[in-house]
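Two complexes come next, and they have one chain in common, chain A, joined by chain B in the first and chain C in the second.
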Partner chain A sequence: MIDIIKQENGYLLTKLDVTEANLNNSEKFKAELIGLLDGHNDKIVIDMHRVSYMDSSFLGALVAGLKHAISLNSDVLLVSLRKDISDLFSLIRLDKVFKIYNDFDDIVIPR
Partner chain B sequence: MAAALSNKVLLVDDNIFFLNILVQEFSRTGLECTMAESAKEAIEILKTEIPDIILSDLEMPEMNGIEFRKYLIEHKNLRDIPFVFLTYLADRELITEGLDLQAIDYIVKDTPIEVISSKLNNILSAVNTQRERSSLEIRNAAKSLNIKSIPTKIPYVKGFEIDFWHQPYHDIPGGDFIDLIPVNDRYTFVALGDIMGKKWMAWYFTFGFLSYVRSAVRFATLNGDFSTASIVQKVNSIICLDDVLQDILSSLSLLLIDSETQTITYSGAGDLPLLHYEADAKKLNIVKSEGLLLGLFAEADYDEKRIVLKDDDQLFIFTDGMIDFAGENGKQSDYNLFADKLLSYLKDSTADFRLMKKNLLSVDTDKQVDDCSIININKRYI
Partner chain C sequence: MHTRYSGKYFTFINVSTALTSSLKQVLEYIEENLADFAYAEDIYFKTKAIITELLTNGFKHAGAETVNISIDIDPQYITIVKTDYGIPFPLVVSGSPQGTKTMLSYDIMHHLYAINLNARQVKFLVEDIIGDETDIKGVGEHFGLLIITKCSEEFIYDFDEASKLNTFTAKVKLPPPAHV
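For the complex of A and B:
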């Protein structure tokens, strides 16, 4: 579900292979995200461009992943949110909780 | 509303010709079919779509039906999907092995297609009956415990009319909760929350959150504290400390109606912005709060907004189910679309929420994809 693209100087670039992010895949997503955070010492960057709908179960899983990252002194960053998803994040103030970028290139990765 | 009937079938077979025949017949009987020509393709489909039943061939190259079934059993979210093997009579050993893997039945491929279709419909009907029975049992248990996440009475508040509309998704209680708490003749609190999750799991946690909201309101007001921000702050701190609620998040809109000053104060936690309808100007204002979801960070700050309603002005407080809908391109969330729909209704109609429930809110429940809750506060002449 979370496909790894590459690892680069402390960041693990990934993409989420899901169109409808909902109750049916939220538990699996959370387990994979926590697994990635535990298994790597990297900040996880997730490309979300495929996601056209996200329900509250999935938002909950995403936030649970972020809380886990913070407890490990790591982070979860999001890129390429579609407009509907980006609007939803600002409506419920999750844009203040996650670092959100237009694409991978906007993240200043130490090179 | 009755629970939606299960009718989504995932058909897995490397014989595309046979798949097409099945789809043609099944679609005729009202089943919604998805085809996969291999177990691997089926696994890909299952990442985004959960069917009500899987019909899989036994003999397939790469991953056969038995291996596919074993894969499903290993995955918690897939293991309980009813599974039926399609096979030839010659596969007796495989049939026994398959039934050992909790497949609920097998269908012999040589059977006339109409009989296969009828058998599948019977299995789905049994699955539906079982689901309804389980759901009814939990609902009855909840009823006998007399626990409710939605109020049964609406308190009288001088100068205001309060009403709400709540529609659980597929008639199964979910994570939305509403509370109306009259403190005395002057003050009434209105709370709307949405636990992030769905169905019974979310519903179970609504009582924990409701209890904290009620307790925080009672403790605060006993101490003369009528600040919604301070109450939401307290609720959040307690929730962050509660190990049982770890990883359970909820939105909350908390409003305090002061019938003496005829004003409303509001604090929000990760909730959708409220909509304030100005009757004079016939326009909707968005009222935003800054607060983050309950349970996110113990040290989060919450702000407080003061809202003044003029006579006939209305305030709408709602959960995300109101802005989610099933469109042509799948499920979508669109706050502005909901606001536009609401505004055009308000402009053309009498400001009666009872009629709005009937004429606007209950109309598109077939497009509903989540619990829907909306509270209406209407300012009346005194």
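For the complex of A and C:
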């Protein structure tokens, strides 16, 4: 579900391979995200451009993942959110707690 | 200007695998009937979020075999009603006096309340809390009612003791129709 693209200087670039992010896959996503955080010393960057809709269960899984990341002094960064998803984050102010970027290239990765 | 008055009633099986197709059916109907309104994109976003969460919450908490969604569009509001015969929302049936304000959830960014309107109805209310929003440890992980309440002009739950019917009603205010 979370496909690894590449590892680059402390960042693991990934993409989320689902179009419907909802309670049918939120637990699996959370387990995969926590597994990636535990298995790598990298900040996890998730490209979400494929996701066309997201429900509260999946938002909860993302927040749980971010909490786990912060407890490890790591982070979860999000890129390429569609407008509906971006609006949803703004609505419940999760745009204040997640670092959200337009594209991988907007993240300043030490090279 | 062309103003529509329309409505439709849907019945869905309350299983998680049917959520996506149920949502699509309702959204297609709304999309067809919202085409004449200015700012339809914002209205579409709100109604999509509300219906998504009503269906999701219904599956997670109500335990009913079927859920019903009705959509009514008039010049001022789009009204989304979800009914089922599942487990009642717990706080309403307490018989609390009118005006009683019960905190349902809180985190560093939001307080969510239910206000008793009468013996069978509560209205949901969200207060935004301004403070240190970056402390992730203080952020909740349950957003369903919060999303519906924030997208709605008014969001009310009704429990009919006699029939055991649960009714959630969310109203989204429509902007004035575009001039032609």
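Here, the second predicted complex is superposed on the first by the 111 of 111 C-alpha atoms of A that agree within 3 Å, B and C clash if a C-alpha of one lies under 4 Å from a C-alpha of the other, contacts with A are read in each partner's own complex, and residues count from 1 in each chain.
By definition in this document, a contact is a pair of C-beta atoms (placed from the backbone, for glycine too) under 8 Å apart; a residue touches a chain by one contact, two chains touch by 3 or more.
Since we're looking at a predicted model, the values are computed, not measured.
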When chain B and chain C are modelled together on chain A, clash or fit: clash
Partner chain in contact with A:52 - chain B first, chain C second, else both or neither: first
Which of chain B and chain C A:64 touches, first, second, both or neither: both
Chain touching more of chain A, residue-wise (chain B, chain C): B
Contacts of A:3 with chain B and chain C, given as first, second, both or neither: neither
Which of chain B and chain C A:24 touches, first, second, both or neither: both
Touched partner set for A:103, first chain B, second chain C, both or neither: neither
Clashing chain B stretch [against chain C; choices 184-192, 220-228 or 256-264]: 184-192
On chain A, positions contacted by chain B and by chain C: 20, 22-24, 53, 55-57, 59-60, 63-64, 67, 84, 87-88, 91-94, 96-97
Interfacial residue positions of chain C with respect to chain A in the complex: 16-17, 19-20, 23, 45, 48-49, 52-53, 56-57, 59-60, 109-110, 128, 133-134, 136-137, 139-144, 146-147, 150-151
Residues on chain A engaged by chain C in the complex (per definition of touch): 20, 22-24, 53, 55-57, 59-60, 63-64, 66-67, 70, 84, 87-88, 91-94, 96-97
Chain B-touching residues of chain A, taken from the complex the two chains share: 1, 17-20, 22-25, 27-28, 52-57, 59-60, 63-64, 67, 84-85, 87-88, 91-94, 96-97
Residue ranges of chain B in contact with chain A within the complex: 47-50, 75-77, 175, 194-199, 247-249, 251, 270-273, 290-293, 296, 320, 324, 329-335, 369-370
